[in-house]
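Have a look at these structures, which come just after this line.
In what comes next, chain A is part of two complexes: it sits with chain B in the first one and with chain C in the second one.
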Partner chain A sequence: MKFTIQINEGPYQHQASDTAYQFTKAALEKGHEIFRVFFYHDGVNNATRLTSPPQDDRNVVNRWSALAEKHNLDLVVCVAAAQRRGIADADEAKRNGKDADNLAPGFRISGLGQLIEGGIQADRLVVFGD
Partner chain B sequence: MLHTVNKSPFTNNSLDSCLDCVGNGAAVLLIEDGVYGALKGSKVADKVKAAMGKVTIYALSADVKARGVADKMIDGIKMVDYAGFVELAAENDKVHSWL
Partner chain C sequence: MSDTKKFLYVNRKAPYGTVYALESLEVVLIGAAFEQDVQLLFMDDGVFQIAKGQDTGEAEMKNFSPTYSALGDYEVTKMYVDKQSLEERGLTLDDLIHLTYEDEDDDYAEKDSIRLVSREEIAALMEEQDVILSF
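This part shows the complex of A and B:
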């Protein structure tokens, strides 16, 4: 079965991203397909490579990057939500005249259409937020 | 249909709203702070027990254990792990998150 996952909250403040990660991992382990993971609203904060949590804590961002690499996941960050919150890849940084970019490996920035397509193409859309 | 509730019923009315709306035969999965909705003897316990006549209520075991309330669950609440959550999402035709 194909799943699209939507995440509306950032790391550490809410459990949404943790639950979504465990759900995604369990779905992959059961042989399901993750069509896309869409990061929306404060969820875009899961995509900054500049987080440095204590070593004995989970690294929410790196964990997503690693899962994406292992399973070739499509991690999509909403462009409008990202611009508001200072999440940028090299192209976005250049386009907006910023001096740095911070998008973590395995993520890409795109539009809301990607969420709509995810909802249409997948058998289930599961939303995690607060 | 699968309904997920992630809020404590003592801070938010999403469990209440969910139980008012669920159809016969639906599944309700309590996750995150939502697992407090499955506590025995709480002020929402009677409503939860009454709902169990028409829907099946599950609680995510990792979240129950993390909050130290495993021995305080209402009888008949079914424990599921993340794999069980995935199964519920696959078995039901839609998933609604009461955020």
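This part shows the complex of A and C:
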């Protein structure tokens, strides 16, 4: 089956990203296809490479980056939600006149159309959030 | 992307306490360009999103409620409201913004977008969807 995953909550504060990660990993292990993982609302905070959790805890951001690299996942961060919350890649930072960028490897910033397309293209859109 | 799917946006939260309502509306507006079969459902505190007379001036937040009235122009014409959620909050249809659309199949007659539905009807509505986005 082909899945699109939507994550609506940030890391650590909420379980959504953890559950979505475990779901995505399990689906891939079972041979399913992940069409896209879309980060929305505070979910965009899963994409900052400046996250530095304690050593004895999971690193939610790095874990997504590693999974993306291993399975060639399409991790998409909503541009409008990202701008509100200070998540930017180099291009976005330049465009908005910011002096820094923070997008973690394996993520890309794009529009909400990517979420709708994900809903159209996948067999199931699974939403993780409140 | 030639196939049309049934999309249901479920709005369950009050408009200003969290950002979900505003960002849900942003998805609906972008999604309208994809020419899918779109439905909106307002339930629980989500019914307050389309309450009449919203004034956010003193809260220093953007009042985005006028945007709901524009959805008809984006061919988003099916707005379901959970009857029970309204009743639980002491609201009636008259407390909601009068949302309408022009029916191009009926000589552009102005029609009501809002339909009050029961929990049973909501279950049936959800059953027939391809994609449900819950905010």
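Observations on the structure shown:
We take it that the second predicted complex is superposed on the first by the 130 of 130 C-alpha atoms of A that agree within 3 Å, B and C clash if a C-alpha of one lies under 4 Å from a C-alpha of the other, contacts with A are read in each partner's own complex, and residues count from 1 in each chain.
The definition used in the following text is that a contact is a pair of C-beta atoms (placed from the backbone, for glycine too) under 8 Å apart; a residue touches a chain by one contact, two chains touch by 3 or more.
All values derive from a computational prediction rather than experimental measurement.
In the superposed model, A:E33 lies in contact with neither chain B nor chain C. Of the two partner chains placed by the overlay, neither chain B nor chain C lies in contact with A:D101. In the superposition on chain A, A:K25 contacts chain B only, with no contact to chain C. Contacts of A:L125 after superposition on the shared chain: both chain B and chain C are touched. Residue contacts after overlaying the shared chain place A:Q15 against chain B, while chain C stays out of touching range.
By the document's definition of touching, of the two partners only chain B reaches A:M1; chain C does not. Common to the chain B and chain C contact sets on chain A are residues 8, 125, 127, 129-130. If you check the complex, the residues on chain C that touch chain A are 1, 3, 5, 7, 19-20, 23, 26-27, 30-31, 33-34, 36, 130-135. Put simply, chain A touches chain C in their complex at residues 6, 8, 40-41, 80-81, 84, 111-113, 115-117, 119-121, 125, 127, 129-130.
Taken in their complex, chain A has these residues touching chain B: 1, 3, 8, 15-16, 19, 22-23, 25-27, 29-30, 32, 123-130. Note for the complex: chain B touches chain A at residues 6, 31-33, 60, 62, 81-83, 85-87, 89-90, 94-95, 97, 99.
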